[in-house]
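First subunit A sits with subunit B, and in the next complex the same chain sits with subunit C.
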Partner chain A sequence: MTNELHNALADYLLALADDELILGHRDSEWCGHAPILEEDIAFANIALDEIGHAGVWYRLVADLRDERPETYPDQLIYFREMADYRSAPLVELPKGDWALTMLRQYLFDALESVRLERLAASAYPPLAEADAKIRTEELYHLRHTTAWVRRLGLGTEESRRRMQAALETLWPYALQMIEQPSAELVEAGYVPAEDDLRHAWEDMVIPHLQDSGLDVPHQTILPPFDRQRHTEHLSALLDEMQSVARLIPDARW
Partner chain B sequence: MDTQWPRFIVFLQERANAPHQYVGSVHAPDADMALMNARDVFVRRPACLSLWVVPASAVLMKTAEELARETITYNREDDGAKEPYFVFYKLLEKGTLIHSGEVDAGSPAVALAAAYATDDGQTAKAIWVFPAKAARCSTSDDIQPMFAPARAKTHFRDQAEFHITTTMQQIKRGQDDDE
Partner chain C sequence: MMIEIERLWQALNDVPDPELPVVSLVELGIVRDVQVTAGKIVVTITPTFSGCPAHYAMQDAICDRLRQVTDAAIEIMTTYSPPWSSDWITDTAREKLRAFGIAPAPRHGGNVMLLEAVTCPNCGSANTVLRNPFGPTPCRMIYTCNDCRQPFEAFKPL
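Then we have the complex of A and B:
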């Protein structure tokens, strides 16, 4: 692998990891506050899984950058400045109501599942291996959120109204969350092309949203988007997430 | 007003050839969600091969005292079209309800009477019966998506792997010194 490919792959994986981490953190904000006890447990579990997946990708980034996989993820998570994060706005948005949370998680899970399907055949073996570990959990997330989207969409007048509002808020952000890998990375067979992912994702989510009684917004032009820029919400999130670790930087947890 | 969703009783099978056992209950709007909630609440860590959920309202539950007192008799009149009922016995004081098989009966009362009439029924601390059709059972297709994630997880990690208590004390000491 050339140096450029190395770096491009590390950047790609960093974006994946950051999305998982930030979404996992957002999800964890429901811990103790979900609508029912059973869902509180389920959703805290999903939050933990996403943070765990972030760890898997961060360790691959460490390998590619010749950093120590035991310590580098913590450095990236707790001691990186906001400008160096590569998360998409979709995962940075505040948790909103239960409809928004569940719909965001569903849109994300659907993308993750089509991406994982493709990464399983990645020409970079460590990536294909990591993929298998994450896939069993992700299969379950998708099943869970698919069922919730359907029930909220077809539930009461209020649940449908909230879901429709959430869909209108999230849709433009959701279109942006698909990573744009360099042409070299795709040609080398390391990661799937953006178009391929986008079509597979749309083929999965649009029919399900419609079956769930929701009107999918018509939006073909993507809002301009750059993973180096962030919403104001990320700043508060990082303040909270990093505060304890920064209190005693050399602590063993 | 009771705003809770209906309650479902959960039975879990740990491995092949082991009977399903009562593990607790979950609230859910329908049987499919009940199965998912049961997975989330009861299959985080331990092994699981199969889950059954059944609306609590469909389960006829009697303790040994109630069974002795009520002396349920076989009543032909309410013995309508026969259907299979699942039978669960609690045989040990500290044990849980364990699936022991099925009986065909025309009503829950008749199913219970049939279950009570067996040897295990006479010594049971409690008997539960419910129509098989009331249960939503996980299938072999559910094993991979529902139960595989828990299998990779260890039960408990050693306390020594966590340094959080020491670190929290360290932080607290630092704050006390500042005051």
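Then we have the complex of A and C:
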């Protein structure tokens, strides 16, 4: 593998990892606050899984960068500046109401599911191996959020109204998530191309949203997207997430 | 001094799972390999779920147990490949889990069926219903038995 390919793959995986971490943190904000106990338990688990998946991707980044995988995630998560994070706006947005949380998780899980299906055949063996670890765990998420989107979309007038509002908010950010990876990564067979991913994702989510009684927005122009820039919301999230570790950097728990 | 691998495995057999102390980490298939290289013991483990919060507690428990039988340096490595499967849980461990009140995951041979019927660990009825695919730990789900009317936990097929 050339150095350039190395770095491109590390950047790609860092973005995947950061998205999982930040979404996991957002999900964890429901702990003790979810509308029903069963969902409190479910979202605490989903949060834990997403953070665990971030850990799997961070280890691959560590390998590509010749860092020590055992200490790397902690350093990255607690001591990295906001400018060096690579998360996308979709996951940075505040948790909103239950409809927004559920719909965001569904749109993200669906994208993850089609991406993981393709990364299983990655020509970079450690990536295909990590994929195999994550894929079955993700089955549980997608099944859960798919059912909830339908339940809320076809539920009461109020739940439908909230779901539709959440969809209007989230749709452009969700479309934005499907990026064009650097050409050399696709050519090397390491990661899937953008159009392949987009079609698979749209084929999965659009019929389901419609079956759930929701109107899918017609969005043709995407807001500009740069993973080096962040929403204001990430700043508050990192302040909270990093505060304890930064207070006593050498603490052992 | 020669370090006998067999003795290390025997010691590891006593290390209980931190969340399910009736079964050991070896029986659950979490301990994958034990090697001795240049006087150092290298234990390879694999997490059940990637985000398992007990992963570090397991590493400490393994080190503590091995230190009782050896002075050699110990290193714990984590691997994700092949990914942990609930199929690896031994038959004896399945019985212990059932007696503890947790339904073991049906063996799936690599094709995880999420809707597989789960047998109630209390009364043996198959007339059970999934209440929540998520439970008190990442590897467990919550069911109710329609016959004995008891809620119970089941190991997630993975």
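Following the convention adopted for this analysis, the second predicted complex is superposed on the first by the 252 of 253 C-alpha atoms of A that agree within 3 Å, B and C clash if a C-alpha of one lies under 4 Å from a C-alpha of the other, contacts with A are read in each partner's own complex, and residues count from 1 in each chain.
Keep this in mind: contacts are C-beta pairs under 8 Å (C-beta built on N, C-alpha and C of every residue); 3 or more make two chains touch, one makes a residue touch a chain.
Bear in mind that the values here come from a model prediction, so they are computed numbers and not experimental data.
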Given the alignment on subunit A, is it a clash or a fit between subunit B and subunit C? clash
Should A:50 be classified as contacting the first partner (subunit B), the second (subunit C), both, or neither? second
What is the contact status of A:72 with respect to subunit B (first) and subunit C (second): first, second, both, or neither? neither
In the overlaid three-chain picture, which partner chain does A:132 touch, first (subunit B) or second (subunit C), both, or neither? second
So, does A:143 touch the first partner subunit B, the second partner subunit C, both, or neither? both
First (subunit B), second (subunit C), both or neither touched by A:225: neither
Would you sort A:252 into first (subunit B), second (subunit C), both or neither based on which partner it touches? first
In the superposed arrangement, which partner chain does A:42 touch: subunit B (first), subunit C (second), both, or neither? both
Have a look at 7-15, 61-69 or 115-123 and say which bit of subunit B overlaps subunit C after the superposition. 7-15
Just which bits of subunit A does subunit B share with subunit C as contact spots? 38, 41-42, 45, 49, 133, 136-137, 139-140, 143-144
Could you list, by residue number, the parts of subunit A that touch subunit B in their complex? 36-39, 41-42, 45, 49, 133, 136-137, 139-140, 143-144, 147, 151, 244, 247-248, 251-253
Please output the residues of subunit C touching subunit A within their complex, sorted ascending. 47, 49-53, 80-84, 112, 114, 131-136, 138, 142, 156, 158
Counting only contacts in the complex, subunit A reaches subunit C at residues 38, 41-42, 44-46, 48-53, 55-56, 129-130, 132-134, 136-137, 139-140, 143-144
Looking at the complex, which residues from subunit B come into contact with subunit A? 4-5, 26-29, 32-33, 36-37, 40-41, 44, 144-146, 148-149, 152, 162-164, 166-167, 170-171, 174
